[in-house]
């Protein structure tokens, strides 16, 4: 079971292949322990992450979504994360308007060498989601 | 503005275009409908009054011909946005602008007359609407029955035109309060907001009137709401799928919605569909100082970036 | 006549509640500023003053209907073999559509022919239809765009209804039309209808006189095929159409559907959902070819189906009930009655119009 | 009128061994138009002993004062004693950066500290908030030939993550202020060298050796006095100078002044109101050789007048307060 | 569909904290999975054979390998399944090691996480489409950035291998840091004597085109076809005319120019040739100091130049070169003295850096090899060396070891004794790091034969006392404080990334670590490759390293380039964007956002406008896919449906 709570919650992570996925690998190689709630989807670039993926996940059962890419200026594809930043910021501001706590969605930049930062991010974000609790109540689940 | 002057302009424009899009009387006295004028004798059908609600610029992207189009201030932003996105050939469009003092919301009028059959609609010079029904005449101020977009209208005169039928009008509405309703709504609790949208979207019948009426929805037949490749939404008619569709609509209009309100007007189920887009627009303004459909040389913010984003701060956990 | 009754205004609420105790009752409710059919509950605001924005067709033909669910299962010892279990639900509860309009009721008759009156009736439709009674309210007024008399209906038409109710000054006049209707009348514990008949008839006639008839063809307009096949005609009339499908989804007679499988790994559902000829995907073929690529062709099909093809197949019955929703709610105010009157054979007087 | 008001946390030393620091600091702030208010019912900051025992307890002692200050609404508290400052700042930073620590500390307090106070040294307030131009503009008298060795001690700028002020290894804030008032500052390499701190009692020899180095380096740098901003440094260098002379065989006679005293002298304040008479190694020599007797008398008179005025004002205030009290009682 | 799932134990790396047998059993229950097994080492030869055999035996058409990170072994398994006849893109990997077994404590939770992660991979692989590479031509020219010893080695090896080389050097001469050194450890060879011939080779090699005093302005393109814009900075001397006679330098009246080559240990002239062995040996004017520029009149050099090479009006010039691969050997920098206020922060002239000391020791340096104090030009008798000045110091943000300081300090201590026999050297050190061939012997020689006193401890403060500098430190072995009165102090300042390293990385689209050093593909197995194909690393740009390591990397990078260019055609990565022309509405928003200009407009029969992808230019980022509103442009291998399959696999209400 998860270290942060009695029951795991559903957290989806979209990680760019070149930086953040590598950062998560680095954390693994360094054996930096993390909560187990997160499920990782590898994408080539944070610019590939259509905000709709985040919406889709949140509407369909995810309790939290994390997107991580290369640091600005450091994108493997030079500009991908710049587009991601605008789109994801737009989404982050829109979510509370829909009644979804924007704390359920976090986007950040983690490089392939930042294993520790990855560990910290996963730990903190998982804690944050557990603090908020499940997004979907049982009633809706029957729908 | 005189109707004769408008007709004169149309007659002149007809000489250089294949079709002029204007308004004529619709199926009852409360409805106007678009008309496509290709012959001089059709010019006489043209009307202009607060019932001319449709955004005629919506037709521009699908027409290959040279077109003259009548636009109100709000509609003109559509053309500017088309130009920003390179969706029209400006040389093939002749814009006939009309300074507009506001239109009516048919829905609000019907509410006022308790949905009785409409026998006659008149507009007085002092901004009153007189509606005759079997049970008598009802007088109402135009401002009372105007759609919400008119209440904060910043562009009564088209932002761009080749011909202007009438004298330019300047807005008297406070530019600071354009998004006041959005800000007010956003102050509600998450639970209230969630409940609100669940109730509203639950009515959606996925008829896609909002999408098809939207001038900026360029995909139309290729919309991902109906496709299996990619398969974003299923055919199930539950709240989740309805919400997903509306999020697709809203996010695809991020930084592009010119707030003509056609989506909301088109919805047969009275869902406030434009609200989400206006929320994004309010953020576009804050984040990038951008307002869609105002300056032809602008770049829509979602298709560009700054290396240093002045107004986006990194989020901490 | 024993098949009529009267309910005074003060007992109206109790009447509906009484019905709701024995069956699932769908009633027109006010939601925001629109009226839609919802299952009856005490906290709903009922609205009988005007027809619902969307017809009650979804009660019998849901917008998306799970035909059956399926589960894949596997024996881990023999992972190559996949077994499928199907789960189909065909027992439907007793249902009453309460407060529909004569045009809405007539819509179900249009449905019945292809779905029930064939060699292979549709079990889902048939199942629900047989369990459902339709309690109709006669119209007290006309509404924007409606033209029921022009297509053979009327504001108090009984065809398709099990019960017809007419609102009077101080109560409601109830006519049971079918056996299902009689059962409902019995339940209503109504006073005798005798003596109220005349008032009801008078009210009904008054409204009937006000309904417009754009066709002037005694409810049986006939379409000229020459004009119907003219591309110019459709292009001229339909330029303003934005090709959304609101008209089809709001139409009580539009019965087209799509079937899709929505699956995940282990399980899935076969869904039947509304579709309409106004949508591009409706005729899109797997090859990518689309025989009806433009809105003109799609609208032509819509008119054709209602006024040509359906009548051809079913003894001249027009697949339009004249409710006017497609006109009333069309964002561009496209008027099907205007188009049909233009298409009419040069017999009626209306064909002289624009 | 004061432009901006600060809470002013003196701490224990400034009520005892370093009363001259307090006196001169108040005078300088007054001259600069900086309003200071002493928090009511302030208590011990915890000083050195507390945090050697228990981190939470130490923070609680400091935070009690921060809570009081937070309620005053000044936003900033200025602290002359670097030890007090360090303790307050450590508690403040710890509590604002770590929520669980804050909760732990607040648990011990009657009223919780919300993190709304910025502790700043008096040097920092003078340098950053008042500004060198304003400091220079108040100068009325030059102190020709005075060469000051600025001595910062160990804790004023360190550890850098707590102090968050000036260069931790080569501080210049005091240099800048002294230069602004027209005093020559020696290039002094021992700005941060250890003075022996609180080991003066248990390990006197060691402290004598350390202060010896500090003092001799100042002389070597050509200074004729040392400027300090820390009561403990001052004590070790000043009070123990005789001890050093006797144990190390030296003959230092180097006045150890608070920087505020030097600034005060250039502002035309009287040695008495700056507490110069409290110094062990007399600074009379450097004062008298630079300020004439007439001038000193004048300053004395000014000081007395100011004091009388203040007393009168205080009296009036008290009287008024009493009046108010009786009035309210009547109603 | 018949998916095969192979779950790796990775010894106990995975099996220790994930119940792999249970995972395999669970996966067997998943429809579509025709075979699932667990295996000790899937990446081993027998492990790969097992996959190949299972594909044939079980008739599998999609493969999921649940093991380590795909960044590690994706290529391995792609080759495996390709050998068994499947398209290589019918493989998905589930990362259950780095992302699960190594980071989660609870076996139960790990196992569930692993099962779900593998299910995601199964869901995705069922959506995978076969993809095929296409070939494209390559430009067999190579760009080498940096003319230090690593860059020169790479350039020479590539040139000798028959490739055309473009060598770009920022400063006026090649040679880099090594050209500044006096001797090299542990052999005490004269540095410039062994480097000089290489520099000459570079200049004379008919395959090498040298741009000295030039910088990279912009790089566009992709492996095989890069277009590089090079800024040739204005030297104000026409190098086609300059003969390097040095007359201008002799006569220049502006004598106080900063000497970049000598790290400012002594001034130089405003027009100068950096050092006698410079290649190219050409003069250049420093406009910051030249009187013609600062005062507007002088013109001495123009008058004196026998070939009339001086041109005060010269402007920067941009030239374009086309290459197919790039070797980055941009070297390193050194931390500034002002980071050490406790050592004077640059205020004491006799506290200098190691590289400055090299110049003092060097016979061609400003003092002609005489060690003198910069303050008064007297010979120091006591010299203190402070190692780790900044290195291994977290508070300065440099937690790493600078690699070669221990060695050069030992060398400098030896040379000091050689130059001044009655001198005494002290070395303050944290640890002595000398793990190279002959290195440890060398540091011992400095202590034992040359009498350098090594003190294990850090220096806390340096302050002047009279003419001397007092160095205060700790001797942690004796547990005492130490004070040394020194005449000269040499700080072994920490190695940092070269100035501008980050900006260059951004132009190259390669990543750099927190410190600015370039990140290699794999720290052990791909040390000279970057994650951008066609870009290779050499020398200290990748991290502090000494001469032999830099030379080795230069040669290694050259070998990589030669291997890459051994074919005439390269295979493109087929995971690029594709347009569905049926659904594309031709809004061309994808064209607006593509970072590579890989999308163009195309007119179909019938006049319909659609987007079209230039396959070789597309780098596969997928920004277009997330831009396209109608889902018509899809990044192959990461299509919407593939990612949605993964989302749907884990998000079911």
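Labels A, B, C, D and E are assigned to the chains in the order they are written; within every chain, residues are numbered from 1.
Simple rule for what comes next: contacts are C-beta pairs under 8 Å (C-beta built on N, C-alpha and C of every residue); 3 or more make two chains touch, one makes a residue touch a chain.
From a predicted model like this one, the values you see are computed outputs, not experimental measurements.
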According to the touch definition, list the chains common to the neighbour sets of subunit B and subunit D.
E
Fewest touch steps from subunit D to subunit E?
1
Based on mean C-alpha positions, which chain is nearest the centroid of every protein C-alpha shown?
A
Return the chain whose centre of C-alpha atoms lies at maximal distance from the corresponding centre of subunit C.
D
Pick out whichever of the two, A-B or C-E, is joined by more C-beta pairs in contact.
A-B
Could you give the separation in Å between the centres of subunit C and subunit D, each centre being the mean of its C-alpha atoms?
88
Determine the centre-to-centre distance between subunit B and subunit C, using the mean Cα coordinates as centres, and give it in whole Å.
30
So, what's the distance in Å between the C-alpha centres of subunit E and subunit B?
54
Suppose each chain is reduced to the average of its Cα coordinates; what separation in Å results between subunit A and subunit E?
30
Residues of subunit C engaged with two or more neighbouring chains
none
Within subunit A, the set of residues that touch 2 or more other chains is 56, 60, 73, 79, 83, 87, 140, 143
Touching pairs among all chains present in the structure:
A-B, A-E, B-C, B-E, C-E, D-E
Subunit A contact footprint on subunit E (complex, rising order)
69-72, 95, 97-100, 102-106, 108-110, 112-113, 116-117, 120, 502, 505-506, 509, 511-514, 519, 531-532, 575, 593, 595-596, 619-623, 625-627, 635, 638, 640, 643-644, 646-648, 650-653
Which bits of subunit E are touching subunit B when the two form their complex?
580, 583-585, 587-589, 592-593, 627, 629-632, 634, 639-641, 644, 653
Spell out the residues on subunit A that touch subunit B in their complex, using ranges where they run on.
51-52, 55-56, 59-60, 72-73, 79, 82-83, 85-87, 89-94, 96-101, 106-109, 121, 124-125, 128, 140, 143
Can you list the subunit E residues touching subunit C in their complex?
2, 25, 28-36, 58, 119, 122-123, 582, 648-649, 652
Complex contact set, residues of subunit B against subunit E:
85-87, 218-220, 222-224, 227, 229-232, 240, 252, 299, 302-304
